[in-house]
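Residue numbering begins at 1 within each chain, and the chains themselves are lettered A, B, C and D in the order written.
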Amino acid sequence: MAQIQTLAEAVGNLVNDGDCVALEGFTHLIPVAAGQEIIRQGRRDLTLVRLTPDIVFDQLIGMGCAKKLVFGWGGNPGVGSLHRFRDAVENGWPHPLEIEEHSHAGLTNRYVAGASGLPFAVLRGYFGTDLMGRTETVKQVVCPFTGEELAAVAALRPDVTVIHAQQADHQGNVLMWGITGVNKEAVLAAERVLVTVEEVVDRLDPRPGGVLLPTWVIDAVAEAPGGTYPSYTAGYYERDNSAYVHWDTISRDRETFLTWMDEHVLGGSMAVGR
Amino acid sequence: MTATSTARGEQSIEYSPDDMMIAAAARALRGYRVCFVGIGLPSTAANLARATHSPDLVLVYESGTIGAKPTRLPLSIGDGELAETADAVVSVPEIFNYWVQGGRIDVGFLGAAQMDRFANLNSTTIGDYEHPAVRLPGAGGAPEIAASCKEVIVLIRQSHRTFVERLDFRTTVGFGEGPDDRRRWGLRGSGPTLVITDLGLLRPDPVTRELTMTALHPGVEIDQARAATPWELRVAEQLTTTEPLSEEELRGLRDLQATQDHG
Amino acid sequence: MAQIQTLAEAVGNLVNDGDCVALEGFTHLIPVAAGQEIIRQGRRDLTLVRLTPDIVFDQLIGMGCAKKLVFGWGGNPGVGSLHRFRDAVENGWPHPLEIEEHSHAGLTNRYVAGASGLPFAVLRGYFGTDLMGRTETVKQVVCPFTGEELAAVAALRPDVTVIHAQQADHQGNVLMWGITGVNKEAVLAAERVLVTVEEVVDRLDPRPGGVLLPTWVIDAVAEAPGGTYPSYTAGYYERDNSAYVHWDTISRDRETFLTWMDEHVLGGSMAVGR
Amino acid sequence: MTATSTARGEQSIEYSPDDMMIAAAARALRGYRVCFVGIGLPSTAANLARATHSPDLVLVYESGTIGAKPTRLPLSIGDGELAETADAVVSVPEIFNYWVQGGRIDVGFLGAAQMDRFANLNSTTIGDYEHPAVRLPGAGGAPEIAASCKEVIVLIRQSHRTFVERLDFRTTVGFGEGPDDRRRWGLRGSGPTLVITDLGLLRPDPVTRELTMTALHPGVEIDQARAATPWELRVAEQLTTTEPLSEEELRGLRDLQATQDHG
């Protein structure tokens, strides 16, 4: 059963140094506030996972929280590069970043296998690409019926999955809608689950496209209004595209980045700092 | 980018090489029913096709939006506009497993930082993988789009930076090393059937699968295309010239671009 | 793109003698009218597939349409046996019926593999049961990561899938809601698709739990109001439980059954008869 | 079925062996959070648990209804009432793959036509498979419920018809032939931890996994249980007696049964 906690409490209770942490949100419902709280709490040596790491991953990497990144596509969507990610990979700043990369379908199916209690999933892909052989989590499996060779991806079971949703009720049931991506699978694959929500409401009303996660698959729910900013939350607010464009400038330079993080992320908190 | 000017009757139309690529891509969608769209030029092209000759073209975006009918150019593949205008929004596992891998998509668009003569693509690293000169965003949905869409259209500028003898990293399979590799790897789509560059169009040779220049954009000479290609470029016996941008196309394109608010 | 046709046209165009025909509907949206039209058109040698064959399958089997049944649980839900099914298996009447049986999860995953363009799917099950070894569609696969042995089920790709849904629009897009079972997977796995609907409407309104199937994955849509009777269609009518109870009596005796079918299924049609 | 009568204070309560099984099953759900429910006695028991000691028990039905809160006993596992009162309705693939196989269900109920001493179950055929004397409905969801729910409770009457030395068909695995088989077959739940019959309760021996009679219902003698069992029945050293039906239980049960309209 989900406990309704503050974001600081929830991150403090659920996210440990060295954990494998999936912060999912496929182009929508991106858990920015939760990621920034992880930064404020100074977590280290995390294996961070997301299909589409974007600005908040750039921040986590640039602030030195990540030992490893498991991902599919790491960019500033519609704008360009993630400069902190690139600096980590190209120059090892602030420290070297181990990377494990997949196609979106491959990483998606790693979650699906995890959610399904299976050790692996099967897909058509990877063969012929240099992705194959770069990770131990992609191998080959032979169809016992046709003899065809297919790609197998290892189940992914994060220690913690963090997602953002629109609403929770007081019992900790969670409702999300719009593009929900791989959020359900990332939740059901994880050992522990933290959901930030725009608001806690008295009652969750069924709605078109609504996806409900029952409280008994969640550990903590934390209110984080505006928790996906500068991305958007359907039904609540729009994407602030200028912030994405601006991030390109902020993140290009290490000092500019650190100063911005100090002011905008660390400043307002009782954080341990970096 | 230099603007190209072409005379159509009395009027002279000014457009860029990118505009030409987008228009050529939009035209190439004629006759297809279901198109898998990425952000950027492909999204513009697909929406231009909808705005001109193919109003019923079904747009599928990786974020799970099936039948999106955006009224403005989306900012990302997960733009709220796509979900709001879609016939259905499904999960990402469902999009990849049932709709892409299930063979439901007629044509998919891809771009890349590098392409080789067999239309294999690199969007991962420039330079050595372990110590890259440039770390690119990575694979995303490209490998499976290339694997399972019935056909693939590649949009890429033609130069020694993008056309390379040997990819620094093979992110996405076009035809591997030749005609048998797709079958051998269990990839059920036909692979890239068209490459659109700023200089013209290339199509795979029916036998060898090596890319062959089949058309040039108006005003482009074949020597330009040869010079922009690091390998000995194959050229079709009947090399054609693409139609210049029509007024309708350019108007449609400008209308679309006007909807894009970059904050 | 789906053609909107009469049920007789649609069945005539899409269902051939000898076809593998999935008529799905997991305890809801059961395509009874379509199954009865198949009977009226006198189709023979069908391989019929459904997780939960019930009354309409009893009718198809008793009228001699089926050569083979692929299924998970064949009963009169809440009442008892399917007597025509039992008579076919136990006594070979009206002719012997080949059977291939699965667990629900196994047959479900056969559809999932079919819908996913994969030759097989993986699950935990079958081992230790006598189900294993009774069909060529269940084998063993070894996880390339952990060495675990898991069950593999062969993809199922029906020649035709028939489902019932609440609504279609004039373009042939289909909307169903409530318990939708394995209907989407059965549709996406099939070569050809027929959907019967309660009504064709001008516009499909998004609604909670609504599942839309776009017209371009469907071949024919046919209006069949009350098409799941005596089962139910959420939003339209309730299950007539007395008919389920009554079926137990009708179906116990061959002559009673044939007389009832003549009167209630064959009678009102221009059927070829049996 | 003979009715059992038991004195509670001044009053005598009349109930059947089925009532006793249902009440014992409802009681057994105390402390569990998520229960996978089939139709018939299990559904009645789970709803009795909700109506009495466990109002927050989450009922999951195979049809995809998660958190169903029926106000009447459902007619089938796909009763519209379940969908209408559920927290969520998901697809059948999702129920089996993510929720059952994913290990999200605390306890599942099963019944069967035959059971052996290792709680393996037959719901397929009586007699030879190819030429059965009785063709039963088949496996349904039982094999995977038994495979993956954390625990399983079996409801079955105890007689030489149902308790058999050797199943005619093993539809569903309890413990196979002993303690190692579940692990060997990759079945991650604990298997049947409780069997409830019309005579009493059986639990698997912690070491051998053979079913052991641990309790008798009021008025039942151990010799009755032995006589109803074709193998040499193991009996616990401390054999207990189940509590008779309380007035509250019987009232709850009759209220539930009154909601069931069989047309």
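The rule is short, and it goes like this: contacts are C-beta pairs under 8 Å (C-beta built on N, C-alpha and C of every residue); 3 or more make two chains touch, one makes a residue touch a chain.
Here the structure is a predicted model, which is why all the values come from computation and not from measurement.
Asker: Keeping to the contact definition above, tell me which chains border both subunit A and subunit B.
Answerer: Under the touch definition, subunit A and subunit B have C as mutual neighbours.
Asker: Tell me which of B-C and C-D has more C-beta pairs in contact.
Answerer: When C-D is set beside B-C, the one with more contacts is C-D.
Asker: Round to the nearest whole Å and give the separation of the Cα centres of subunit B and subunit D.
Answerer: Between these chains, centre-to-centre, one finds 58 Å.
Asker: Averaging over Cα atoms per chain, report the distance between subunit A and subunit D in Å.
Answerer: 41
Asker: State, to the nearest whole Å, the distance from the C-alpha centre of subunit C to the C-alpha centre of subunit D.
Answerer: Their C-alpha centroids are separated by 29 Å.
Asker: Using the touch definition from the top, which residues of subunit A touch two or more other chains?
Answerer: Touching at least two other chains: 117-118, 123-124, 148, 150, 184-185, 209.
Asker: If you look at subunit D, which of its residues touch at least two other chains?
Answerer: 97, 101, 148, 188
Asker: Determine which chains touch and list them pairwise.
Answerer: A-B, A-C, A-D, B-C, C-D
Asker: In the complex, go through subunit B and note every residue touching subunit A.
Answerer: Of all residues in subunit B, those touching subunit A are 39-40, 62-65, 75-80, 82-84, 89, 91-93, 96-97, 100-101, 120, 124, 129, 131-135, 137-144, 147-148, 169-173, 176, 181, 184-188, 261-263.
Asker: Mind listing the subunit C positions that touch subunit D in their complex?
Answerer: 26-28, 51-52, 71-75, 77-78, 81-82, 85-86, 89-90, 101-106, 108-109, 111-112, 123-131, 134, 148-150, 178-182, 184-185, 209, 232, 234, 238-245
Asker: What residues of subunit C sit close enough to touch subunit A in their complex?
Answerer: Against subunit A, the touching part of subunit C is residues 117-124, 137, 139-141, 143-146, 148, 150, 152, 154-155, 206-210.
Asker: Could you pull out which subunit D residues touch subunit A in their complex?
Answerer: Of all residues in subunit D, those touching subunit A are 33-34, 58, 66-67, 87-88, 97-98, 101-104, 148, 188.
Asker: Applying the document's contact rule, which stretches of subunit C touch subunit B when the two form their complex?
Answerer: Per the touch definition, subunit C meets subunit B at residues 1, 115-118, 173, 184-185, 188, 211-212, 214, 216-217.
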